[in-house]
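All chains are identified by letter, namely A, B and C, in their written order; residue positions are counted from 1 within each chain.
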Amino acid sequence: MEGNVVLKMRNIHKIFPGVHALQGVDFTLRKGEIHALMGENGAGKSTLIKVLTGVYGKEDGDIFLDGTEGAVAIHSPQDAQNMGISTVYQEITLCPNLTVAENMFIARTKGAVQNWKKMNTDTDRILESLQIPARASQQLGTCSLAVQQMIAIARAVDMECKVLILDEPTSSLDEQEVEKLFKLMRDLRAKGVGIIFVTHFLEQVYEVCDRITVMRDGKLVGEYEVENLPRVQLVSKMLGKEVDDLSDIKSEVKTFDAGKDAVPVLEAEGLVSNAGIKPFDFHINKGEVNGFTGLLGSGRSECVRAIFGADRVTGGKVKMGGKDVKIAKPLDAMKNGIAYLPEDRKVDGIVGDLSVRDNIILAQQVLKGFFKPFSRAEANKVADEYIKLLNIKTASKDTPIKSLSGGNQQKAILARWLFTHPEYLILDEPTRGIDVGTKVDIQKLVLKLASEGMSVTFISSELDEMLRTCSRLIVMRDRKAVGELTGDDLNQGTVMNTIAGGDK
Amino acid sequence: MANSENAKTSSAGSLKNLVRNQCFIPVAALLLLAVFNLIADPSFFRITLGYNSAGNPVLSGFIIDIINNGSELAILAIGMTLVTAASGGQDISVGAAIAIAGSVILRVLCGGNARPETLQAPIIVAFLVACVVAMLFGAFNGVLVAYFKIQPMIATLILYTAGRSIAAWINNNELPVISDPRFAYFGGFIPGIPIPTPCFIAVACMVVIAIVLKVTNLRLYTQAVGINQSSSKLNGLNPELIKVLAFVILGLCVAVAGLIKVSRVSSINYSVIAKDIEMDAILAVALGGNALSGGKFNMAASIIGAFVIQCLTTTLYKFGVSSTALPAYKAVVVILLVVVSAPTVREYFDKITKKMKLSKEVA
Amino acid sequence: MKKKMAVLLTGAMVMATLAGCGGGEAAPAAETAAPADEAPAAEEAPAEEEAPAEEEASAEEAEAPAASGELITVGIINNDPSESGYRTANDADLKAAFTEENGYSASFAYGNPAVGNANEDQVKAAQQFIQDGVDYLLLSAADTAGWDTVLQDAQDAGVEVILFDRTIDADEGLYAASIVSDMDQEGQTAVDWLAGQGLETYNIIHIQGQMGSAAQQGRTKALDEKVAAEANWNMVEQQTASWNAENAQQIVQSVISSGKEFNVIYAENDDMAKGAVAALDAANISHGVGKDVIVMGFDCNKWALEELLAGNWNYDGQCNPFQSSYIDEVIKTLESGGTPAEKVIIMEEKGFDAETITQEDVDKYGI
């Protein structure tokens, strides 16, 4: 293997039932480099990592490791470990009630005898060499999250690893903690460890990484040196849109006139929740479609969740129709005519075992009250109506919603909220993971609803969908609203520039 | 031609629906026990009208025994079903809570004197006080589960351990005996009516819960919370409140069951009253094919499940199964029933029936 | 998670305290929650007894012959009074006997399995009593094992130990006396009484207590042997109701429904006899003195003896909870420098016949 390469993956294929998740992906990691693996949801990053760590088998392709002749076979995480591939996951997987030393050496001793004294001195030595502020005898739970994260890394590194995979290690850390972590990463780089860094934070990539591999839709987009890839280029590659493609899908349908007669439906000022976003201002007018855009993890969902009261609102003022309202919980928002279709359909949207009918009437039923259930006949009528209106494909209205396809589940949830006849509809990623036909249906529906006077906030990872439907975009970066685009600015170039952080 | 085919598929479909129906397993178990008894000794089904020592007409026979003695369990199964559906866990403090409710009833009736000549308060007052107390204890469990997010079994372990002591404390460690014959009506017979009163009470509870499920959204809310708490919250529900509500309803069931229990013997023994009844109540829910992890539920199936358990107990008593072996027999039957109603086994049967159908069609 | 546990524990403690304080209202009995914390009533003791343990012990020895004017301090370790009617009576009896008027200064501690580890709590309480320098340690242990060390400590400190109600697995030299019931004898007395009724045939429904308990084993043994030995003694039904009235009711109901003939109900405690009688009443089967079915119970609850007095039941066997007089005797013997004649003292236990029982018996022996 040529000089300083520690890991080479070539032509990796992975097929799940119905999805070709990895389509001939190549990946190369060199000694002493921090290599960012970037891509939006569904790009195949985590699948690639799981193939590398032996969690998944692969259909085709080869993995080469430094020091081993020919392709290696990794059948289990234990195999990967033994070959020097260590992983530190987003959630800390250590035991908080054991000491640092115990955590470092857990499941690593051969035989039943453990030399506790040696274990402690060894641990202290490692901690010192990596300058981790912790003691071997300390209980892990008493360390800060960042230190715990570092200990997890130290543990991984100590197992003579050549390849260290960090899967979103920074998502629960604050800025100083991130700094400490980066210092550790740089130290390890200096020691010659190859680090694969998976993150959603652009800033962090540019701060600490040497090289970037971008993936999209299960394919490799390319491998770049950090200094040769401006941010806006990175964003465009992740989203799959050319920056200079200014010919643009821009607004054939944008009829909304933000003129003087605009009636504000909802105005929020300094709104902030406990989900880690910075305070933001927001307003939407009657009949307007606007959107939050930004990369995954930029805080766009958190913003709308704050508006709906889905997270705990910790500050800010909200007015509806000019009057102050208090939205502390979803029911408050619903009573004020707000509807929210959540981002994660499976976790927050469907009530899986309940029938399509019950899922459709649920929200309106809650609004109606505990003692006023819809009669069976009423519920059936409503269900039939919306199944027809949205063309929901289901065996019957009694079918449990979980047995429907993703797109039809999404339509049923949409039906649920339309049935509440909201003034203001928030759609968070309504088109994720559903078929193309349904995507178009939903976009058309959004525009139709707006033309009938409903206000809609539309969030999508697919920029062209947003551009096609929204007349105003709020751009989020690193959990902060960084810009608001309207009119002629609504083109891919400007949006991507804003996402990437100006002209940097 | 087409018609006959339709008829065929629809009859096959209805058979399949019957098997799929959640009530199928408990009803089948009940029938199986009935058939077994019929073959072994048809006198099992004999019901005779006689007179009790007070000269009032009473029905007796094994069937009456089952319906009579299964009443408390059926009532508890109602509450336990709701708790299971909403919280995805079970309340193991039911027996101890019955001891408390029963103790409260006796305390109010006796007014502190362990052997009163006359009742110190109307029975209805005593019962209502017991309801309030039992519902408060239910709320206590519910709050631990819903707001402090403690596993239901762990949360209710507190009352499970402390309940019987509390019950004893309520009556100053005394063992009150009520001599007023009216108090015995609730666990025995009302003069002139030959059917045991607990049957009427159980039926009343079933009717009440049926009406409640009809005129309120209890079913929808409970199921939604049990299936997907996060989603229910985003639909404006208050999952915590609904869980507490389920525990409070169970508390009410406990008070009713407690009344029957203490009325049966007009007295109480704190350490043994309703002992292990929580396990039978949970079993009833499981036999009804309800997932113990919460979510969708079928109330009728749970109630039938309760009677299956009582039928089993009575059958075993009838055949004089040796006292030490009794729990073992019960366990074997329970294992069979639970295994048969397990989803994986049902799926397997589904597959077999499908195969059989296919081969039929080929033939 | 820690937080949750803390809340949970607090909850449990609140409950425990509730249970504890409440009991106090009626009888000081229920300071069950924290037996170890309970200080002996030192302030009631004479001044010299407040001295440290060893000194006091030696002082006591010296003074013993002339101690008639002094209070004898006893530490009494019992089980939770709410455990059963038997235990309630036992506790009340001890409380009534070991009073200042009778020349005692008594402190009580309890082990309650519902609140903590009963035996552990009892051991702790014993250690406390020894430390406080009591003269006598009276003990009804929750478990039979785990007492050797404590008893050795007691001996070293000069504290005499007297076991009551329950024996323990320890060297006999470690305690002065043990006062117990003989369950086998209880059963034998009852069976002998039954045999004395001279029925032509005995068709017996035998309702057993919690299987494996000492009372169940003792009370079952005599009957089993008799049924095996006599041709005209038949066991119609033998079933455990686990001390539970309601289970007993179901068992008897079941026998009645199946139409089997029977003329004796032998229930191993009063509760179960009561449940059985409820089933008889519902089926209009007469019971009691001179009636169709003989009803037998155990434990001599007051209400049960009243049933006897009214002729509704026929027999009730005593399980004597009144050990205080025996203990008092042992202490008196020890104080006067003697040793008890027997190490293991078996209490006299009566069996009451409905035909001979008097109101006096009910008041005296009813618990």
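Keep in mind that, in the parts below, contacts are C-beta pairs under 8 Å (C-beta built on N, C-alpha and C of every residue); 3 or more make two chains touch, one makes a residue touch a chain.
Only a predicted model underlies this, so the values are computations on that prediction, with no experimental measurement involved.
Undergrad: Quick one: which chain's Cα centre is the longest way from chain C's?
TA: Of all the other chains, the one whose centre lies farthest from chain C is A.
Undergrad: Looking at every pair of chains, which has the largest contact count?
TA: B-C
Undergrad: By C-alpha centroids, what is the most central chain here?
TA: Located nearest the centre of all protein C-alpha atoms is chain B.
Undergrad: Using the average of all C-alpha atoms in each chain as its centre, how far is it in Å between chain A and chain B?
TA: 46
Undergrad: Any idea how many Å lie between the Cα centroids of chain B and chain C?
TA: Each chain's C-alpha centroid was found; their separation is 35 Å.
Undergrad: Roughly how far is chain A from chain C, centre to centre by C-alpha average, rounded to an integer in Å?
TA: Averaging C-alpha atoms per chain gives centres 67 Å apart.
Undergrad: Quick check: in the complex, which residue numbers of chain C touch chain B?
TA: 4, 7-8, 11-12, 15-16, 18-19, 22-23, 25-27, 29-30, 32, 80-85, 88, 112, 114-115, 208, 211, 237-240, 242-246, 249-251, 253-254, 256-259, 271, 274-275, 278, 280-286, 301-303
Undergrad: Which residues of chain B touch chain A once you look at their complex with the stated criterion?
TA: Touching chain A from chain B are residues 214-218, 220-221, 223-224, 227-228, 230-238, 295-296.
Undergrad: Show me the residue ranges of chain B that touch chain C in the complex, using the header's touch definition.
TA: Going by the criterion above, the answer is residues 41, 43, 46, 50-54, 58, 60-62, 65, 69, 115, 140, 144, 148-150, 154-155, 158-159, 161-162, 164-166, 168-170, 172-175, 177, 188-189, 261, 264-265, 267, 269-273, 275, 313-314, 317-318, 320, 322-324, 326.
Undergrad: Within the complex, which stretch of chain A touches chain B?
TA: Within the complex, chain A touches chain B at residues 308, 310, 329-331, 334, 340, 342, 347-354, 358, 362-363, 365-367, 369-373, 416.
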